[in-house]
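Order of writing sets the chain letters: A, B, C and D. Residues in each chain are counted from 1.
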Amino acid sequence: MFQAAKSLDDALAAITDGCMLVVPREVSGVPMAATRALIRRGVKRLHLVALPTSSLQADLLIGAGCVETLETSAVSLGEFGPAPRFTAAVISGAIKMMDATCPALHAALQAAEKGVPFMPLRGLIGSDVLKYRDDWKVIDSPFANSDPIVLLPAIKPDVALLHAPMADRFGNVWIGRQRELATMAHAADKTIVTVEKIHDGNLLDDPVLAAGTLPGFYVESIAVAERGAWPLPLPDYYAADAEHLAEYARMAATPEGFAEYLELYVYAKRAA
Amino acid sequence: MNAEQTFRDEELLADVIARLIGDVRHVAVGNASPIPATAALLAREHGKLQGLGRPYVSLLQSRKHNFFTDGARELFDCAGQGRIDVFFLSGGQIDGAGNVNLVSTGGYAHPKVRFPGSFGSAYLYYVVPKVILFRVEHSRRTLVPKVDFISAPGASEKNVYRPGGPIALVTNRCLFSFANGRFRLTSVHPGHTVAEVIENTGFDFDKPATVPETPAPSPATLKLMRETVAPQLAEVYPRFAAQVFGVGQPAFAG
Amino acid sequence: MFQAAKSLDDALAAITDGCMLVVPREVSGVPMAATRALIRRGVKRLHLVALPTSSLQADLLIGAGCVETLETSAVSLGEFGPAPRFTAAVISGAIKMMDATCPALHAALQAAEKGVPFMPLRGLIGSDVLKYRDDWKVIDSPFANSDPIVLLPAIKPDVALLHAPMADRFGNVWIGRQRELATMAHAADKTIVTVEKIHDGNLLDDPVLAAGTLPGFYVESIAVAERGAWPLPLPDYYAADAEHLAEYARMAATPEGFAEYLELYVYAKRAA
Amino acid sequence: MNAEQTFRDEELLADVIARLIGDVRHVAVGNASPIPATAALLAREHGKLQGLGRPYVSLLQSRKHNFFTDGARELFDCAGQGRIDVFFLSGGQIDGAGNVNLVSTGGYAHPKVRFPGSFGSAYLYYVVPKVILFRVEHSRRTLVPKVDFISAPGASEKNVYRPGGPIALVTNRCLFSFANGRFRLTSVHPGHTVAEVIENTGFDFDKPATVPETPAPSPATLKLMRETVAPQLAEVYPRFAAQVFGVGQPAFAG
């Protein structure tokens, strides 16, 4: 339950080595400032669930050696090309990869949100995505034609980490249309949020703002991180920093370049 | 663009895809797909001219051309409801059975090449009635006899729920249709030949005795694309809109 | 797909005799003006799904002979006592009753929203609610302990009918925190909406309003019905008309009194 | 209120329930439950005085004391997540095994009496750790040997997932605790007797050799209820707040 706004490092305390951490897709409000703080702290052995895909965030965490297992549907830098540290880590076997498909991750988080052990999903049958997921089961549906259908076990992360436009002093967080952020918070044991700013007053008091608000009841801690999604976009607030992403793609293409990137943009705190 | 051509390759491909889209209710376009996005917006403009008010177009990376308000899951829920008629998929590899590979080559445990991942393909390929495969690079590297990893299969057993699947494959050289588990060469783009298509395709496919040339976009279509569609594209694909259509990048590209 | 605002009667055309109609609970924006219009038109043999409960709306439709099957978790007038026409109809066998429990209805609508044939739900096992639902199945979960769990078939209504504070000319409807209204619309084949007023501009253009908006893509028709939930409340806009509800409870206690109520408040169009 | 009593029956019951709630994180109160709502708000005030900042209280019919923003399903999802510690259920009939009946008496197909329906009981009774049964009318009509319809059972087979269930039953005459599938008389309210409880209870129950009297609410608790809790109640239960506590009805009761 929400207590009070903290320093960024304090707010991230619940993200311990070895925990299962769920983060949102590259355009839904990615907590990049928090990600850099985690790398500086040297978090290890994360089971990272990227709902349902990731870009810079997963690549950075993987490159910095923070990730043991990655569960997602895709990692890429979009128009800036493949995610180089992700690609290298999968090829070298440095991380355990759990390949999924986007709606499977949404459904598995919704299973945890609803307190059910699994959710069914169409599709998948005959794919190698299913073939390599021993944790997914196929049953004959007891309805209609008894056709086969996949059951996905619930994903219950230890921590959900997200970035949003604003929060109030009661722990309520305005997430707008990015409703998968609410599902992440409902599914996770604890939720940590960074925000652009603190909203005066209670977000739940205004019915229009309340419609886009994640209640503080689900929130463990909040820290203010202005432009906290940089260089990724915050929908409706700021665009991606295309120049920086191109620079990242260039530097991260080699281990040496990536180390230099970390030095410049993460350890030096320049952009924290 | 060839010397004698009055259009760019991208314009031809978008026109081909717009015709494949046909008269439907809702076309959704995923990430990093500027040519399918051009085609979808073109289909919408054609629909407007005919007074149809359709198709609805959802560009997933767009603020403006995207009505979803229930989070990132809504696209997939919408498809599951049968409310998306056309979607586009690509693949690091595509084989003659319509299987797509977005994961890796070599063994899965020890891959040689790793692609980003399957995205929504392992679901959308099954439930969207018209999936248009789109891969600009037409080579034996991309169009293979058998994919190394099936992100999503081209066809399924009879007892598997599958209202959707591939209807066509568009490349920089030609258009294939897909039915009964096989591709069939429909037309070869201007400046390309059947022999060249055979030479560069790693899988077997059917073809008619005479293979027609892909028709060039009409002047009216080109005008629509350049004057009406291109400015709409610039919000999501500023680089593409600038390179292909010479449309300026807006101040805010988010 | 949304075409244009129509008269209330025109807007309701898709609610045909024998169709499956889903309506929201008593405090989520109940389309009462539309309900009175349906009774005046004499709609018959509805399979009414009240998500997950109902009060005046179900009682009126049942009393007026519009309902063949009722699928819900409870019907009552709350502090004004039992729902008299519902009670009488169940006892006389005039309607087919499909008793459910609240989260089962939510889950079954979400199954339709997600395009899956069923959803699992905890609870229910050993209850007579389950015993009398031949359409619900019990399987041994293929996960963890193989413990039994109920599977609920998806509910796919023909029409969802709801009342909301406002809509725009593009068919977008502002529903605020009543998010089950979005699920109803996603699950149903067609969605019909009455609203208090038309909003100038496009609700989706403002990120704050957009967060509480059901997109017009899902909406078949919209009609303006001011105070369209009366005498039930519209959350954040107006309270229930307690005096009227007390009068209803009094009058509907007998068939004769109910007939008089219909005459006064439904057929005379006084309150339509 | 008896002549010698300094409190109303409702105040006693709310105090009893507040003590049953104990020190927990989240108490949710369903529809038409003014006494449990009073108890939950009282527990919150006690928590505030101890500096605990808990329990969170959700009054489902309240605008103000209700944080849910994900629609009517959120209460149930929240319970499924294990995030609701205490809930209240009543029943047209309650039997000695803790089974509750909210549906009908007589056969289900041809009932004699029909109640509103099971609401969320067939789910919440299984997943909320502390369910407090609350039925003011303590009679052989309401507390029966065996319910005619099991909306939700008091206990389940070992292999059934069931982290929740009944912990107590509060009536206008007494307090029962519930454990191992049976009720046990814990205390009899002031002005009532064990003989009267036995006389009016349709099911067997355990009881200690000496049954204590339910303690009266302390003056401090009564003051808290009347001065701090009652005004908060008035938003949702204006009639109850006025009748029991003499609190005026606000202009807007929605």
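As a working rule, a contact is a pair of C-beta atoms (placed from the backbone, for glycine too) under 8 Å apart; a residue touches a chain by one contact, two chains touch by 3 or more.
Worth saying up front: this structure is predicted, and the values here are computed from it rather than measured.
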item: Chain pair showing more contacts of the two, A-B and A-D; value: A-B
item: Length of the line joining the C-alpha centres of chain A and chain C, rounded to whole Å; value: 36
item: Separation of mean Cα positions, chain D and chain B [Å, integer]; value: 59
item: Distance from chain B to chain A - Cα centre to Cα centre, in angstrom; value: 28
item: Cα-centroid distance, chain A relative to chain D, in whole angstrom; value: 40
item: Residues within chain B bordering two or more other chains; value: 68-70, 76-77, 80, 127
item: Chain A, residues touching no fewer than two other chains; value: 114-116, 121-122, 149, 177, 182, 210-211, 235-236
item: Touching pairs among all chains present in the structure; value: A-B, A-C, A-D, B-C, C-D
item: Chain A residues within the chain C interface of the complex; value: 107, 114-122, 137, 139, 141-144, 149, 151, 153, 175-177, 207-212, 235-236
item: Complex contacts: residues of chain B adjacent to chain A; value: 31-32, 61, 63, 68-73, 76-77, 80, 102-104, 108-127, 149-153, 156-157, 159-161, 239, 252-254
item: Touch list for chain B against partner chain C, complex; value: 25-26, 53-54, 56, 67-70, 76-83, 127
item: Contacting residues of chain A [partner chain B, same complex]; value: 24-25, 27-28, 51-53, 72-76, 78-79, 82-83, 86-87, 90-91, 93, 99-104, 106, 110, 121-132, 145, 147-149, 177-183, 233, 235-240, 242
item: Residues on chain C engaged by chain B in the complex (per definition of touch); value: 1, 3, 112-116, 172, 182, 186-187, 204, 210-211, 213-218
